[in-house]
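In what comes next, subunit A is part of two complexes: it sits with subunit B in the first one and with subunit C in the second one.
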Partner chain A sequence: MIALAIIALLTFAAAISAFVLRNLIHSVLLLVGAWAGIAAFYLWAGAEFVAFAQVLVYVGAVSMVVLFAVLLTRQGATTAPVEFDSLKRGVFGFVVAGGVGGLLVGAILGSPLDVHTAATNPAVSVKELGHLLMGPHAAALLIVGVLLTVALLGAMVIAASDKPEDTP
Partner chain B sequence: MSDFLEVIPLVVRDWIVELFPTPLQWLVHHLLTIAVILTFFGLFFAFTTIAERKLLGRLQNRLGPNRAGVPKLSILPFHLKHKLWGLTQPFADAVKALTKEDVIPDAADKVLHFLAPVCIVAFSLLGFAVLPFGRALIPVELDAALLYFFAAGTATELAIFMAGWGSRNKYSLLAAMRALAQLISYELPLILSVVPAVLVVGTLSLREIAEAQGGWIFGFLPHWHVFTPWGFAGFIIFLIAALAESNRSPFDLPEAESELIAGHLTEYSGFKYALFFMAEYFGLTALSGLGVTIFLGGWQAPFAFLEFIPSYLWFMLKLAGMIVFFIWVRGTLLRLRIDQLTRLSWQFLVPLALINLVNGAFWALTPGWSGPMLAVRWAVSAALIVIPFLLLARRLNPGRGPRTYRYA
Partner chain C sequence: MSPLQLCLLFSSLLFCVGLAGALSRSNTILVLLGIELMLNAANLNFIAFWRYGPHPEAGTGLIFVLFAIAVAAAEAAVGLALVIAIHRHRKSIRLQEANSLKG
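After this line comes the complex of A and B, so read on.
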C-alpha cells in the first residue's frame, strides 16, 4: 500500500505541476512523468504487459508527437500567457472543469468498492492476453486498427501540400 | 564440472546474500545484481572503446593508442615499464573526462541540461535487466521481456530531446530533431524484424526464445534462428536498424561532427559528454545482446562437443563478435545523407520487415512438414524474402545510380 501511495503521489505531483507550469516543454516532460507513473501503477497492480505497452506508446511515441507539435506550432517563446483572455472564458473554464470533476467524483463514490476482491487478482500471462485479443475481442481490435489507420491517412492528407518550392 | 561452472556466479551471489540478516536479503540480492551488471558492463564499455580505437587504427593503416602504461606508484617497490599495449588508455580517458571543466551555457535550461545525460545513461542500462546472459543467469525474468526491452529503449529519445532543447542552442535543437526523426524511423524496422521470432517461438520471454534455439542436426548444425530464411533476413534488418538506433556509423548523423558540430552534444563538455558516449555504447551492447539472444542462439554453444564451455562465455563471445562487426562496419562504410537514411528505412527496410513477418507466419504454420515437404518449406520461405528483396531493390534503384562528381 505504501508503494501505491508513493506512485499516486508522484503521478499527481507530476500531473499538477504539468498544469501549473507556464513553460510548455517542461509541462510536456512532466506529463510524460505522469504517464510513466501510470505505467508504474499498472506494474504495481500486476499488469506487466499493459505497463510496458503504456511506456512504449505514451512515453515513447505520444510524447514525441506532443513535443513535435509544440515545437512546430509555436514560434519563438515556448511559454504560455499567465492571465485570462477574458472573464467569460475563465468562468466557462471553471464551469466545465467543475462539471467534469463532479461527474468523476460522483462515479467514484457511486461505484461499489470491495477491497476483498483485490487480493485474488489472477496472473494473466501475455500468451493468454494475446489469445483473448485475437479470439473474442478480435473485432474490437480490428475496428480500432482501421480507425487509427484512417486517422493517420486523414492527417497525412491534411498535412501534405505539394508546394513547388519544397521539391528540389 | 561444466554444471558447476554454469551455476558458480549464482553460488557466489547466494553465499554473499547469506551473510546479511534475513529482512535485508532481498535488497542485497537485487543490489548485488545491479552492481555486477554496472561493473561488468562498465568495464566492457571501457575495453570496447580501446578495442574500437585500436581496430579502427588497424583498418586505417595506423597504430591506434599504444602509449598509456601504468603510472609509477610510490607504494610499489618496482615500476612496470611495459606499456601493456596501451590497454590502460580508457582509464586515462576517464580521468581526463572527469577533470575537464564542465561548461553550462548561460541561457541553458539548467535542470534539463543536467538531467539529459543522467536520463540517457539510466535508460540505456535498463535493457540489460532482461537479457539472458547464460542458462541460469537472467537478472530479471519477465513474461514480456521483449516488450520491456523496447519500452526501456524508447525513453532515450526523450533524453536526446532534453539535451537538444535544454542547451538553448538552435543547432543543438535542430540536430536533436533530426536525431529523433532518425530514431523514430528505425524503431519500426527494429521492432518488426524481431516479431517473426516471437511468432515462431510463440512467446515474448527472452529466456524461452533462447531455449527454443537449442539442439543440433547431426550434432553440428545448430537450430539458431539466423540459419532459417526468415531469421537470416530478420537478422540483417535488425543489424541495420540497430546500427541506426545506436547512432553508429554509417548512420551517425545525430552527431555528425564534421557537418553538425556534434549535434545535440554541442553544448556538452567534460563528464556529461562522456556520459552520452557511455550511453551510446551501453545501447549498442544491449541491442547486440538482444540480437544474440533472438537470432544467434543466445547462450547456446554452436557445436555439441563445445557444450562444456559455460553458457555465459558463449554469450559474451557472440556479443564481442557483434561489437567487432559493428566496429568493422564503422571503419569501412561512409556516412549517409539524412534523406538517404530515411528513404532506406521507410521505402526499403519497413516493407521488407513486413514481408518477413508474413514469412515468419508461414514458418510458424508449417512446423510439421518433413521429408520432401521440408525442402518445399525452405524454398517457399526463401522465395518469400528473396523475390521481394530483388523487386524492391530493382524498383528503388533507377535514378539513384552512381553519383557523378562534377568538380572532384
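After this line comes the complex of A and C, so read on.
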C-alpha cells in the first residue's frame, strides 16, 4: 500500500508540473516521468509484461516522437517560453476537470466494490500471455499490426514536405 | 478503503490532470499529451480490475491494455504528424490559429 502511495504521489507530481510549466521541453520530459510512474504501477500490480510494453512504447518511442515534434515545430528563438494562455480558458479547464473528478471520486467511494483480494499476485506468465495472443486473440493481433503499418505510413505521408520541386 | 478503490482513485485523478491539461493549454502538442495521459489513466483501470477482479488468471485485462497501448502509439504518431503539417502551413501550433476547418 505504501509503495502504491509513493508511486501515485510521484506520478501526480510529474503530471501536474508538466502541465503547469511554461517550457515545452521540460513538460515533455516530466510527462515521460509520469509514464514511467505508470509503468511502476503496472509492476506493482503484477503485470510485468504490460510494464515492459509501457516502458518500450511510451518511455522509449512516443517520447522520442514527441521530442522530435517539439524540436521541428520550434519558432525562432531557442528558449522562448510557451505564450501565456488565456485566463478564461484555464479557469474553464480547471472547473470542468474538477467537476469530472468530483463525480468520479464520489462514484468510486459510494459504490460497494466486491473486492476479491487474492493472497498472492495473480501470475499470468509471459508464456501464457503469448498463447493467449496467438490463440484466441490472433485476429486482433493481425489487425493491430495492419493498423500500425497504415498509421505509420499515413503519418509519413502527412508529415512529408510537399514543396513543388519535390513533386514530379 | 480497499486497494481496488485506491487504484481507481489514482487513475481517476490522473485522468482529471490530463483533462485539465488538454482543456486549458493552447499548445497543440500539450493537448495531445493530455489526451495520451487520459488514455493511460484508462489503462490503469483495466489493470486494477484485472488484479482485484474475480478471474485474474484469465488475463483479459492484460490483453486489452496491450492492444490499447499499440493503438495509442499509432494515434500519437498520426497526431504529431498532423501537428508538423499544421506548423508547416501556418508557422504556428496554437489551437486558436488552426481554425480553417471550422464551419
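FYI, the second predicted complex is superposed on the first by the 116 of 168 C-alpha atoms of A that agree within 3 Å, B and C clash if a C-alpha of one lies under 4 Å from a C-alpha of the other, contacts with A are read in each partner's own complex, and residues count from 1 in each chain.
Just so we're on the same page, contacts are C-beta pairs under 8 Å (C-beta built on N, C-alpha and C of every residue); 3 or more make two chains touch, one makes a residue touch a chain.
Because the structure is predicted, anything quoted here is derived from the model rather than measured.
Peer 1: In the overlay, answer first, second, both or neither for which of subunit B and subunit C A:2 touches.
Peer 2: A:2 contacts neither subunit B nor subunit C.
Peer 1: Just checking: does A:29 make contact with subunit B only, subunit C only, both, or neither of them? Give me first, second, both or neither.
Peer 2: After superposing on A, A:29 lies in contact with subunit B but is clear of subunit C.
Peer 1: Name the contact category of A:59: first (subunit B only), second (subunit C only), both, or neither.
Peer 2: In the superposed model, A:59 contacts subunit B only, not subunit C.
Peer 1: Who does A:71 touch here: subunit B (first), subunit C (second), both, or neither?
Peer 2: First partner only, subunit B.
Peer 1: Looking at the overlay, does A:49 come into contact with subunit B only (first), subunit C only (second), both, or neither?
Peer 2: In the superposition, A:49 touches subunit B and subunit C alike.
Peer 1: What's your read, subunit B or subunit C touching more residues of subunit A?
Peer 2: C
Peer 1: Who does A:148 touch here: subunit B (first), subunit C (second), both, or neither?
Peer 2: A:148 sits against subunit C, while subunit B stays out of touch.
Peer 1: After superposition on the shared chain, which partner residues are touched by A:126: those of subunit B (first), subunit C (second), both, or neither?
Peer 2: Once the two structures are laid over each other on A, A:126 reaches subunit B alone.
Peer 1: Please write out, lowest number first, the residues of subunit A touched by both subunit B and subunit C across the two complexes.
Peer 2: On subunit A, the residues that contact subunit B in one structure and subunit C in the other are 49, 53, 61, 68.
Peer 1: In their complex, what parts of subunit B are in touch with subunit A?
Peer 2: 109, 112, 142-144, 147-148, 150-152, 154-155, 157-158, 161-162, 165, 173, 177, 180, 184, 187, 202-204
Peer 1: Can you list the residues on subunit A that touch subunit C in the complex?
Peer 2: 1, 4, 8, 11-12, 15-16, 18-19, 24, 27-28, 31, 34-35, 38, 41-42, 45-47, 49-50, 53-54, 57-58, 61-62, 65-66, 68-70, 72-73, 75, 82-83, 85-86, 89-90, 92-94, 96-98, 100-101, 104-105, 108-109, 113-118, 121-122, 124, 128-129, 132-133, 137, 140, 144, 147-148, 151-152, 154-156, 158-159, 161
Peer 1: Which residues of subunit A touch subunit B in the complex?
Peer 2: 25-26, 29, 32, 48-49, 52-53, 55-56, 59-61, 63-64, 67-68, 71, 125-127
Peer 1: Which residues of subunit C touch subunit A once you look at their complex with the stated criterion?
Peer 2: 2-10, 12-27, 29-30, 32-34, 36-37, 40, 43-44, 47-48, 50-54, 56-57, 59, 61-63, 65-67, 69-78, 80-85, 87-88, 91-94
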